[in-house]
Each structure stands twice: as structure tokens, then as C-alpha cells.
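Shared chain: chain A. Partners: chain B in the first complex, chain C in the second.
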Partner chain A sequence: MTKKNQTIWYKMGNIDYRWLYVLSLIGFILPVLQPLGLPVQVSSGTIGYYDAIDKLPAGSVVAVSFGASAQLLDEQEAQFLATWKILFQRDLKVLFYCPSQDGSLLLQNELGKQVIPESYGKKYGVDYVVLGYAPLGEAGEASMSINIRGVYKADWNNKPLDELPMMKDINAAKDIDLLIYFYTSCTDIEFPIRQWVTPYKMPTIVATLGCCGPMAVPYFPTQIQGFLSGSGMGTELEVHGKVPGPGALMSDAKNIGILPFLAFFVLGNLSYLGKRFKWGEVKTP
Partner chain B sequence: MIWTDTLGALVAAFFIISVFTMLWKDNPVFRLGQQAVIGAATAHYIVLNFTSVYKNAIIPMMGGNLLLIIPLFLGLLMYTRLKNEIAWVARYPTAVLVGVGTGVMIAGTLRGQIIDQMKNTVLDLYNSFSAGSAMNVLNATLILIGTITAITFFTFTRKHTGLLGWSAKAGRIFLMISLGANWSGELVWYATQTIGRLSYIINYVIKIVILGG
Partner chain C sequence: MIIIAITGILMVAAYFIPWAPLQGVKGVMTSWIVVISAATVAMGFVYMTTSQYKLYQKNRSTLQLVYTVTPYVFFAGFLISALAYPGGSNSPEYRWWFTNIYSNVGATIYAIMYFTLASSAYRTFRVSSMEAIALIAGGMIYTLRQIPLFQVYIPWIVPLGEWFLLVPNTGGGRGAVIAAALAALVVGIRTLWGKEVTLEVSG
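Up next, the complex of A and B:
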């Protein structure tokens, strides 16, 4: 090994990366074993999201576009469970539809098990309806906003929409008071903006992954009234809406487990700068 | 708990741990887990897609909605790509998709994503001055400067010298900050997935399935 490679900057840059994994795994596991209850600061996006639901008059119709993904359940579970609880606590009509196949499967698995609408006094067909999966995409969203029955003839149990009391007067964007848009592909934020917000001035809130948040922020608060980005903001909604769920544990573990990453960022950058500017090296003539 | 639930939980735990072994180094257990997950996911989506076509096209068609033959036929044409001699046929359904997609999005893009975004960028600053909040003024000013300088970074018709050069450099810094925010979101997302699976193993597989808690 040359003398140059023995400087602290080189040693710092050559720490075995597996130490990072070991330290962060410990950081992730400890709060799972013993939740810490670390404080949560509620951000303006979450407050806007909550307020958009909370300020709806009784009897308002909320459409929930549920494009969640099974593979990314951990990132969105806190968001949608808290949202459903907040919706069912209020006198609202909730219309679920799924532009992703996984969304339909997740609804089947979680609605009625994790959150039971009937325990809030809600009745299927009267207070909430689930339309199931349709391969919507942007063109489908545009169709939904014009004529729901053109896309869905029946609900997920193949019951014709006209036989469901709640659906009697609901068939287009004009009959809906709030759109809640769950999605996992970052650019999908553009679908509700282009097909619901721009043409109909539809009040809209969105929930997505942590990595997609920066693409939703430019639309807040003028075009969308609130947004949730990742499980962290799902936890914020649990706290702000007083609806406990799986987010708290997730946030505790994330707060601790992410610290080794921050430490390694600092070490890595110091190493880079130290090598680049030759800090501490003796200049030979 | 019925035995299938127990078996399912143990198999899930095995594959989760097999994926985690990659943190140490590449190994046969990781590759087994990786390939099993890819295989299962592919099968899962094939079944879902087939079911979707059956439910949304075949059944309504058998019920008399013969117009659905058109999209179904266009969809089938996509498979002509599999044979080189007739691969050109797939251009027709592709053209329909591109045409419909562009038609549907163009109005919303112009109004919602260009005009409204530009208007809001300026109005934010004006409103924050009116509201008299120093932090809002700072935020709105930063957004306005970031927007203008980032746009100048993508101006390629003139050489980046003088004022344009300084603006483009500032724009590059704003872009790097934006990419950093995106990447940190990715990192936290991976952390969430890891915690979710660890929590599944600890709180469900170990505590409930194995220890019967």
C-alpha cells in the first residue's frame, strides 16, 4: 500500500460498506422490537390533505382512485388505512375505483379486515361502493370524469351500478366533491391534474411514494389541496387525524435506521473532499 | 391458524431472508429467492392481465357488445412483433395508442402543467408579499429563481456565457438539489420496504406463527 493510500481520507472512503448495512439493520430492528414513540411533526401537505376531507359538507361524494401496489404496500399502507378511517368517520359517500390490478386485490384484502366500514355504521351500496379494477390509464380517467357508467357497468361483485342506491345520482365529475388519488408511478400525478383538476377544477388530494413526493409538490397548494408522500406522511395523517395505524412503528424505525446512512454520507463526502484538496498532505517541493 | 397460513408465512420469511443475504455478498440462496420472486410476480401479472381481458372484453362481447372486437383485435395485433416478417403490423395499434394518448393529454398539459404552473409561480410571490409572511416570500422567491435559472440551463441555442452562464450554473445547482430530494425519497422508500419486511418477520412470523403469541 502506498503512503498516499494510508491517509485518513482514503481509509474513511474505504470503510467496508457492510458496516452500513449492519448498523442500519440494528437501527431498523430495535424500534420494531420496542416502539419508541418518537414525536412526529405534521407538515403542510398532510394538513391540507386532512382539511380537504374534514371540510366537506355532510353527504359529499368522495371518489377514491386506488392505484396502490402490493409490492409497495409498506410505503402506502399507513396512508390508505388512515384515509379510509377518516372517510368512514364522517357522513360521506365514498366511491372506490382501481386503476391498478393490485389496488383491487389490496382493497379485497384490507377493506373489511383492517378497516371495517360497517363498524363505522356504513352500509355497502348506500354509503360506499367499490367498482374494482379497470385498465384506466389517462384515457380511462378522462372517460371516468365524463361518464362513470361508460367505464364501469357494475361494481366489483358484478352488481349493476343502477341497482346501488348510492350510485343513483353519481355518474360524472360534476357529481363528485373530492378526488383522492393514490398512485405509485411518479408521473401519474399528471393524470388527475390533466383530467380532473384542469377541466373541472376538481378539489383533489393525492397520496404516493416517498420518492414521488417532489413531483407532486409543485401542484400544491394551488392545483391540489394536499398530498401524502411515503409512509412518513402516512404517519403524520395518523397523528393529525387521531387514527392510529401501522405508520408510527415505521417512522420510529426509519428515524433510527437512517442515521448510519447520514453518517456514511458525511464520511464519504469528507473522504472525497480530503482526497480532492489533499488535506493534511505534506507538500514536497 | 391453519397449516397453509403457517407454511405461507415460513416460505415468505425464507424468501425475505434469502434476499437480505445479498447484503453480505452474492450467493445461491439469494439467486434462488430472486428468481422465485421474479417467476411468481410474472405469473401473478399474467393471470391478472388475462383475467382483466376476459372480464373487460370477452364477457361483454359475449353479452352482445360487439364493438369491443376492435380494441381486442388491435391488442392482438401487438403480438405480430414476435415474428419479424409481420412485425410492421404492430405499428397500427401503436399509432392508435399514441394518437389517443396525445389527444387526451395535450389540452391538460398546456393548461394544467404549463400555463397554470407559470401563473402560480408568479402569483405565489405576489400573494406571499400581500400576506406579509417573510418565510413565504423567501420560499416563493426561491421557487421563482429556481424555475427561471433551471429553464436557462436547458437553453441550448446560445452559448452559456455571461449572465446566461451564471443563470445556467445557478439552475444546475437547483436541479442538483431537486435530484437530491428525489434520491433521498428513494432511499427512505427502500428503508420503509426493509422495515416492513423485518416487522413482518418479527411481529408475525416469529411472534405469532412460531411462538404462537
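Up next, the complex of A and C:
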């Protein structure tokens, strides 16, 4: 072993990365066992998201494009549970439709169990309707905005839309007052922008993964009035909307779990800079 | 090529002209796209079968056979549970498969990705250029801003993280979106004109 390999600069860059795994796991598990309960600062995206719902007049129609993913539930569960609670607390008509099959199954698993519309005095078919899954994509969103019955003839229980009292006067973008767009593929932000916002000036708010937030922000606050990005902002919505949920626990776990990664990342780069300035080494591993 | 050009022109016209017959055509065509999208699932199944068969031809080991057969076992499981029980994909049986297998396997893959990404970033991501420094600085500050621990003990990280998100990120993002839109416009015009090379090759 050379003298160079004994220096702190080399050691910092050559820590066995399995330590990172162990420390991360501890960081993920500890807050689950002992929640931190730290205060949360609410960001402008969350405030805009909440206000877009809160300022709707009574009787407004809200369309929820529910494209959440089962695999990434930890990122979005807090968002959608808080959103549903806020929606059902108000005198609004809520129309759910699912551009992903995951969304449809998640609705079946969570709506009526985690959030029970009937406990808010809501009645299926009168105050809210679920349309189930259709492989929509951008073209499907365009189709929905023109003619909902062209895409969905019936709700998720195969009941024709015309038999549902709420759907009597709802069939296109002109009948909807707010679009809430849940998605997990970062570039999908452009679907509602192109098919709902630009042609119909539809007030729109979006909820997505933590990594997709920066791609939604360029449209805020002009095209979209608010956005949620990851479980962190889901927690912010829980706090701001006073609707407690699972967000705080998930955020704590992820936030503490990522700390070892950040620490290792800094160490790796300190090692690189040390070697570069001390010995002129510029080669990256 | 003619079909693509006519379809494209009709859709562009329908976007800009609020004339009822054109809107009707747009409505029908977009409904067709939903049907075509659903049909591509069947195409994907064919491609997967071809690919799996080729892989097995290259490596005729027992392990490879297990890898080849496993997706079909689960495919059959999901298909049978969706077709054989009342309610289809809304049936409790299908939801059992979805909740207990699909969701958990998917979540596990994402969880494993965290460890592989984190360790590879530690070993390879270095501040070796101005672009890398900017990326790391922005990423670190945005990440730290999300963590309540730092929000409490370093409160100035919150406005700084917001500023990174809302100013440089928005500026860069809007530039990228505009550039991509202009490029898509050029490709669209070339397609309508029948000049798009990719279509000539495949067509």
C-alpha cells in the first residue's frame, strides 16, 4: 500500500458503500419507530394548490385525472388522501377518471377505506362519480375534454353515465371548473397543459413525484395554479389544509434516510477535490 | 404517408378552428387513438415473446428457462383472475394479485434502485466541471430544503431552495420546453410534407 492510499483524501473516496446501505436503512426505519414531528414550512406551490380548491364556489365540478402508481405510492399517497379530504369537505362535485390501471385499482383500494366520502355526507352518483380506467394518454385527455361519453359510456360499476344524476350536465371541459392532474411520468405535465389549459383556459393543479416537480414548476403559476411534488409537499398539504394523514411519517423516513447518501456524496467529492489539488489527479473513478 | 398527412392536417385545423364538424372529426379520431393505444398492449406481448424466445435460443440453461417462463406464469395469473371472476379487473381476486404481487414487486424494484443509484453516485459523480457544480449545488439545496430537519435548524435553506426551484429551474425549464416545441413543430411540418426520413425508412 502506497503512502497516498493512507491519506484521508483516499480513504474518504473509498469507503465500502455497503455502509451507505446500512446507514440509509437505519435512517429509513428510525423515524417509523419514533416519528420526529418536526414543523413543516409550506411552500408556494402547495399554497397555490390548496387555494385553487378552496376558492371554488359551491357546486363547482372538479375533474380528477388519477394517474397515480402503485409502486410509487409512498410519493403520492399523502397527496391524494389530503386532496380527497379537502374536496369532500366542500360542496363540490368530484369526477374521478383513471388514465392508468394502477389509478383505478388504487381508487378501489383507498376511496371508501382511507377516505370515506359518505362520512362527509357525500353520495355516490350525486356528489362524486368514478369512471375507472381507460388507456388515455394525451389523445385521451383531448378526447375527455371534448366528449367524456366518447371515452366512458359507464362508470366503474358499469352503470351508464346518463343514469347518474351528477353526470346529467357534465360531458366536456366547459362543464368542469377545475382539473386536478395526478401523474408519475415527468413529461406528462404537458398533456393537461396542451389539452385542457391552452384550448379551454382550464384552471389546473397537478400532483406528481418529488423528482418530477422541477419539470412542473415552469408552468407555475400561469398555466397551473399550484403543484405538489413528492410526499414532502403532500405533508405540506396535510398541514396547510388541516387534514392529517400518512405524509409526515413517510417524509420523515425518506428525509432521514437520504442523509447518509448526501454525506457520502460530499465525502466522495471532497476526496476527489483533495486528490486533485494535492496531487493533480483529475481522473474520476 | 397520405393518411398521416390528412390526419395531421385535420387535427391541426380542428385545434385552431372552432367549427362543429371539425370538432366532431377530432372527437372521433381521438377516441380511435384510445382504442389503438389499447391494441398496442397486444403488440407488446408479441414483441416480448419474440425477445424472450431469442434470449432462450442464445442461452438454453435451466435458469434462463425459468426467466423466460416466469413472466408468462404471472401474465396468465393476472389474465385468468381478470377474466374468470365476476367484475373482471374490479374483482377481489384480481385486486389481490395487484395489491399483493404487482404493487410489492414494483415498490421493491424502486427501493433497490435507491441503493444502486446512491452507491454509484458516491463513486462516480464528481464536481469536475462548472455544469456538474451547478447541478450538485441546485440538487443539494433543493433536497435539503425538503428535509424538515434542515428547515428547522437552517431556516434560510427554505427561501434559497424555493429560489433555485422558481428562478433558475424555471428559466432553464422554459427554455428547454420552447426549444423542444420548436423542434417538434419542424418534425411535424416535415411529417405532413412527407419529408420525415424516419417514416420513409419504416414505410
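Following the convention adopted for this analysis, the second predicted complex is superposed on the first by the 278 of 285 C-alpha atoms of A that agree within 3 Å, B and C clash if a C-alpha of one lies under 4 Å from a C-alpha of the other, contacts with A are read in each partner's own complex, and residues count from 1 in each chain.
Criterion: contacts are C-beta pairs under 8 Å (C-beta built on N, C-alpha and C of every residue); 3 or more make two chains touch, one makes a residue touch a chain.
On a predicted model such as this, the values are computed, not experimentally measured, just so you know.
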item: First, second, both or neither for A:Gly230, with chain B first and chain C second; value: both
item: Partner chain in contact with A:Ala142 - chain B first, chain C second, else both or neither; value: both
item: First, second, both or neither for A:Gln101, with chain B first and chain C second; value: both
item: Touched partner set for A:Met250, first chain B, second chain C, both or neither; value: first
item: Dominant contact partner of chain A by residue count, chain C or chain B; value: C
item: Which superposed partner A:Cys211 touches (first chain B, second chain C, both, neither); value: first
item: Touching partner for A:Gly268 - first (chain B), second (chain C), both, neither; value: second
item: Which of chain B and chain C A:Val32 touches, first, second, both or neither; value: first
item: First, second, both or neither for A:Pro199, with chain B first and chain C second; value: both
item: Doubly contacted chain A residues - partners chain C and chain B; value: 21, 24, 71-74, 101, 133-135, 139, 142, 190, 199, 210, 213-215, 218, 230, 232, 258, 261
item: Chain A - residues contacting chain B, complex; value: 18, 21, 24-25, 28-29, 32-33, 71-75, 77, 101, 133-135, 138-139, 142, 153, 190, 193-195, 197-199, 209-215, 218, 222-223, 229-232, 249-250, 253-254, 257-258, 261
item: Parts of chain A lying in touch with chain C, wherever the complex brings them together; value: 17, 20-21, 24, 36, 38-41, 43-44, 69-74, 101, 104-105, 108-109, 132-137, 139-140, 142-143, 146-147, 150-151, 156-157, 190, 199, 210, 213-215, 217-218, 220, 230, 232, 251-252, 255-256, 258-259, 261-262, 264-265, 267-269, 272-273, 282, 284-285
item: Parts of chain B lying in touch with chain A, wherever the complex brings them together; value: 23-24, 41, 45, 48-49, 52, 56, 60, 100-101, 104-105, 107-109, 111-113, 116-117, 120, 123-124, 178, 181-183, 185-189, 191-199, 202-203
item: Chain C to chain A touching residues, read off their complex; value: 15, 23, 26-28, 30-31, 33-34, 37-38, 41, 89-90, 95, 98-99, 102-103, 106-107, 109-110, 114-115, 118-119, 121-128, 136, 140, 142-144, 146-149, 151-152, 155, 158, 162, 165-166, 169-170, 173-174, 177
